Amino acid sequence: MSLPATELAGDLIAARYRAVRAATEQLCEPLTIEDQVVQSMPDVSPTKWHLAHVTWFFETFVLGRLPGYEPFHPEYDYLFNSYYNAVGKQYPRPRRGLVTRPTLAEVLAFRRSVDAALVDALERDEIDPSGRKLIELGLNHEQQHQELMLMDIKHVLFQSPLFPAYHQPPAHEGTPPGTLAWTTFHGGEYAFGATGESFVYDNETPRHKRRIEDFELANRLVTNGEYLEFMADGGYEKPLLWLSDGWAQIQEAGWRAPLYWVERDGEWHEFTLGGLQPVDTEAPVVHVSLYEADAFASWAGQRLPTEFEWEHAAGSQPVTGRFRGAGLLHPAPSAGSELDQLFGDAWEWTRSAYEPYPGFKAADGAVGEYNGKFMCNQMVMRGGCCATPDDHVRSTYRNFFYPHMRWQFGGIRLAR
Amino acid sequence: MSLPATELAGDLIAARYRAVRAATEQLCEPLTIEDQVVQSMPDVSPTKWHLAHVTWFFETFVLGRLPGYEPFHPEYDYLFNSYYNAVGKQYPRPRRGLVTRPTLAEVLAFRRSVDAALVDALERDEIDPSGRKLIELGLNHEQQHQELMLMDIKHVLFQSPLFPAYHQPPAHEGTPPGTLAWTTFHGGEYAFGATGESFVYDNETPRHKRRIEDFELANRLVTNGEYLEFMADGGYEKPLLWLSDGWAQIQEAGWRAPLYWVERDGEWHEFTLGGLQPVDTEAPVVHVSLYEADAFASWAGQRLPTEFEWEHAAGSQPVTGRFRGAGLLHPAPSAGSELDQLFGDAWEWTRSAYEPYPGFKAADGAVGEYNGKFMCNQMVMRGGCCATPDDHVRSTYRNFFYPHMRWQFGGIRLAR
Amino acid sequence: MSLPATELAGDLIAARYRAVRAATEQLCEPLTIEDQVVQSMPDVSPTKWHLAHVTWFFETFVLGRLPGYEPFHPEYDYLFNSYYNAVGKQYPRPRRGLVTRPTLAEVLAFRRSVDAALVDALERDEIDPSGRKLIELGLNHEQQHQELMLMDIKHVLFQSPLFPAYHQPPAHEGTPPGTLAWTTFHGGEYAFGATGESFVYDNETPRHKRRIEDFELANRLVTNGEYLEFMADGGYEKPLLWLSDGWAQIQEAGWRAPLYWVERDGEWHEFTLGGLQPVDTEAPVVHVSLYEADAFASWAGQRLPTEFEWEHAAGSQPVTGRFRGAGLLHPAPSAGSELDQLFGDAWEWTRSAYEPYPGFKAADGAVGEYNGKFMCNQMVMRGGCCATPDDHVRSTYRNFFYPHMRWQFGGIRLAR
Amino acid sequence: MSLPATELAGDLIAARYRAVRAATEQLCEPLTIEDQVVQSMPDVSPTKWHLAHVTWFFETFVLGRLPGYEPFHPEYDYLFNSYYNAVGKQYPRPRRGLVTRPTLAEVLAFRRSVDAALVDALERDEIDPSGRKLIELGLNHEQQHQELMLMDIKHVLFQSPLFPAYHQPPAHEGTPPGTLAWTTFHGGEYAFGATGESFVYDNETPRHKRRIEDFELANRLVTNGEYLEFMADGGYEKPLLWLSDGWAQIQEAGWRAPLYWVERDGEWHEFTLGGLQPVDTEAPVVHVSLYEADAFASWAGQRLPTEFEWEHAAGSQPVTGRFRGAGLLHPAPSAGSELDQLFGDAWEWTRSAYEPYPGFKAADGAVGEYNGKFMCNQMVMRGGCCATPDDHVRSTYRNFFYPHMRWQFGGIRLAR
């Protein structure tokens, strides 16, 4: 990651550390112990594993560099390393949900121990600037895992035919979003990416110039109602609408609707963190793959934006929207204004492969594995979603998923 | 199953019901909630599922026939039916470990509710003789699941690199078992199977005559020490020792030792319910597949017994041995006497495919699916093991597993 | 195999050798080069491979023992060994159809060379009695491959939507087979298996006594018409009719009819070696798995015979029936007589797992891999079929297939 | 594809048609019938299928539009359609090698028939300009399949342990390529892609402006000698060198060297269309995946070029190099000049995902499936190779493969 240009004072860091760490644990409050052990597919990790892994990050990259620090447990390095080959072997990812020991209580004790040591070291001013930058990275990392925890627990709870709710969302009143409108942007050579004056990930850098052509962007996300029209028109049965790999994927997986959609008595319902709900035709469609997003766009006679079109449009907007703090944990209908929902509600699939920016260099050391090695076969998503921490994203922020993935809160914005 | 020939009195049944049900729950005492949720492979079921399934058996086959009984929860029939197609669809077996709700506490409440209703019905004498026979079957069924729970939790705990112990077994003093000796039996026409005067499963019937030839049976189970000789002699690398399917299996799975064996610093250890232990060369080898048992026998120049040879030899012996009540939960060395370990310590692989006896008829109704439909591709095991309830097996008892399976406590007795 | 008790004179062996070898090549006459290269599934081998493998058998086990014999080609031992681990490694079975070189012409040259050397050695009387016994085994082995070649080429030709015919079968006139009748046999202790006075395989020995109970056997094979009734009655949708593994198999494979059945314009057709034909309701059903045979028997309220019931019934019958010499290469309707079709038309599934007879010992040396190592997970079939050489089977002959296999000519006879 | 801007006269088209069609058949001359039937992996198609498919293209898209044309055979449309969903269903790709009928002779008759009809129609001037453009496309399509035929037959022949040679390549004398040198290019905004004045594929359009930064390009392809250093330095064992998906791929596939490399007596050999040869340390490494190319570049402290860097460098060069006409069918050492081997020898992996150019529109109708639907998950390769027809590629030509693919002639050029 590109490291913060300005050093944070120790006490500010400690306060932020405490806040982020506490937020993580608050997310677990509605959960039973049982919920926190299970891995419902290889992409999902158990809550218990998330709680330990983000702690392992601080222990390994910050505390581990302090003289005399003794790891909490000799096996945790193996159990809770995700994919950092530079620091050792990893317990196989698809088997994370099979490990019952350490228990949740033991993992929470691990958190307590690392928290105490880290805050203590901060207070004693034993952490040098590079260590502080790693704490800053670790906190952003933990925020990413906060969103993953919500994505993952939604998938876990969906496995039970009881369709248990994670929370009771507040009521939200909506005005119908109205028909799609378009905003025009002029082509030209613009700057993209981040300067790194404040914290950004390394994949957002270096800031560089790039030419884009004239384009128009839809004012809001595609709705469930619009997606139902695509389905009703046989969208899933028309190969000419689909990317070749997408057509193969939907045949193999038998997909005929977004993830979490359940047909009951002839009517579509959607599993949400608030339980099973009738599909709201005015809310954004979510939990679609890039393939479905692209096929929908073809069907609509439009296309998906590139990540640069998106960034150019979003760069002039405030970073506001329905993030996790809105309490919905599900996308809500647009108010219909011009260029709504760029931030929050749902991550937006772009038609851009996740590639290094010109001159990109991964960070040195183990944290160099954070982003760069994933720059192949994945697609960029932009804008954050209803499960993203409120202070986490920005217009240069690049998220990335394989095109078949659906368990993230991914939606569709059209371009042309 | 062949039903008990004599009806049990209601109060005796209620006492036995309470005892068996309590024993099941005592097995869970050493476990954390986390341990009871996970399914470490498709053959394994979570403890929580076992607790619910055996309860579902009583609810469906006994309480469900009583007028006015309302099921505890409408979805439990789907969630906790194992394989009884006659009474409805089943939640997919390989996904049992993904269901976090109902929680363990809710499953225990289900047990309480069914226990109360069933004991109440017994006390009110509302259960007719056929219902009482189904209770008897259900209690034997629950005993089978008690053994499965121990097999399964051993596999679950083995997934953690912490190798957590389930219990602390008592010390047992052993005399070296000495070299293998042989007992001779004379061929002839003998009767096999059960008459059904007391409770037996349907697969043990009908009692019938069958001819066997002269044979000799080893006096004890094959030891780890003997198995280590087989390994040291390249047993896993010599295709001529193996059944064709066995050779394919060990190549594909990469097996080079019994399940639960772990090499550490050049020495073999064995994961037991008492944790990781150095391999005891005098104790019986256990957790081998039929393929390994057969290859070992070939290497030793001997063969495995047929189930009829075993039954003929065991029929004259008392049903005593180290069962679960001995508290070891692991096989212990033979005392070296003549014909030792026929019962307890380890199930013994036989060279007999699991087939219906001449004239076999499955029971009517759903419980007819109990045994008969599995009579293909599996092999018979005999004698019970260190995890079997003390009052559960007999000389006619037929257990059965696919030849590649290793997570049951399966050992080797030679014949010639 | 149990070797022939009497030695054959060299010139008689040479004549028989020439006849069997010529018959193999005659089977290829209707085929194009293309047909002889392809492997349509792992169980199938290319014709070209069969032609080479049976020749390799003579080269390896007979000529290879003669002083000074030089193998035809150094790589053929690797390419054309099927499963004899004792004599070396094997080219992977599922990839046999990927080897275009040696070409068919080169394989035929290999045959010529081995034929010349072997006949020459016979004429010079250089082959000792044990070698002559291996020639006898090799000829029986080649006859088995003749049947495999027909089974396999049928499967290969079926891959083309052109449904090409292998031959034009002669017309056969049939009388309707009439309703099923039953023949009663009395139980008792009888002898089974072969004495080995003339050539038999080792799996037919030793001859031994065994008790069977009273039983009845259907007078003919189950017809397509009867099987269509089973299908029409929802036989493939009723789990209670099926063995557990069978039910899993038909779900996974999507089976709803026998192999080679094709529905066209609402009517069932059957691909035969004579091309695609409307299903003949009076002819025996064929190309069903053991699972389907067993489910049909359950549906009919009957069962399959054991291999011993079959052998007892067949032992008193002449070994006559529609074998390959009849020229049909497809089962034909029974004439309705008493106990018809025991030999020829279709192999009959039995309810007997393929196990060693009491006292069975595999032959010494590499040919000891011929049969014994397959005695696990397979089921015995009896009686030969329309593709079996006329002088190949007998009442003690044991064929064996995995219960899911369907590409052999396997049919159903009921017992009760 | 972008269609040719100028119409070709009928007789010129006919001459070119005859030449391209004849070249295809000349490629088959060294092959046996056996060689032309087999499909050695799903990505490979049998030669026979290629011969038919390219003919099907002309029949379907050109002749099929002429009034009164009758298809040669009703099933060929199903058998020989590759992936054009708009014109009907396709025989499953992975099973192309299982179809023995039609035979090779029948496929050649299909070619004769279509050739006669098409030339006849051209001579009678019955084909309108849009049809002529489709012939032009069909000829370029057939040239692509000529290269595929060589790639595929190499893979087919490699399956045999005899390592048969396709041809005897002419001797080529080489001077050692010397150490790598670098050419510097200046960044700026340049035009990329094709104008479409002469024939190009649609994926090369529209021509558009794009900014690139300063870069340097290696003067030649990476050699086998350099790749052996990477291997000797443990390149395949160091996870930090690899893209995440690449590391997973080499573990799963067990790759430790390029495709076609065979170790014999401790020395590396390479299977070529001229048979098995010792690895030439001065020749370019070929048959590596994008993953291996990227890992090699990381190990060398450099990177792969983007497709735009490559196009910018190549745009000023003549389109000359060792293509198929050089007769080698294998890459040869560079002469060491400045910027050698941009064309011919080996396709060059770029670090660019295969994406649509800004404003890209697929062609209307079925041929719109030619390119656009593959623009996901694949990477661009540039420059043509030793198996590419001499008049086929250009500096704007975009080839594309999945990053794990190795059977194409793919090599490595470094950038920095």
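As written, the chain order gives the labels A, B, C and D, with residue 1 at the start of each chain.
Keep this in mind: a contact is a pair of C-beta atoms (placed from the backbone, for glycine too) under 8 Å apart; a residue touches a chain by one contact, two chains touch by 3 or more.
Because the structure is predicted, anything quoted here is derived from the model rather than measured.
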item	value
Path length in steps (a step moves to a chain that is touched) from chain B to chain D	2
Most distant chain from chain A by Cα centroid	C
Separation of chain A from chain D, taking each centre as the mean of its C-alpha atoms, in whole Å	38
CA centroid of chain A to CA centroid of chain C, Å	59
Centroid spacing, where centroids are CA-atom means, of chain A and chain B in whole angstrom	46
Multi-partner residues of chain C (each touching 2 or more other chains)	none
Interchain pairs in contact, sorted by label	A-B, A-D, B-C, C-D
Residues of chain B defined as touching chain A within the complex	32-35, 37-38, 40, 48, 75, 78-79, 91, 95, 97-104, 156-157, 159-162, 164
Contacting residues of chain D [partner chain A, same complex]	83, 85-86, 189, 208-213, 239-240, 242-247, 290-291, 294, 306, 351-353, 355-356, 358-359, 368-369, 373-377, 403
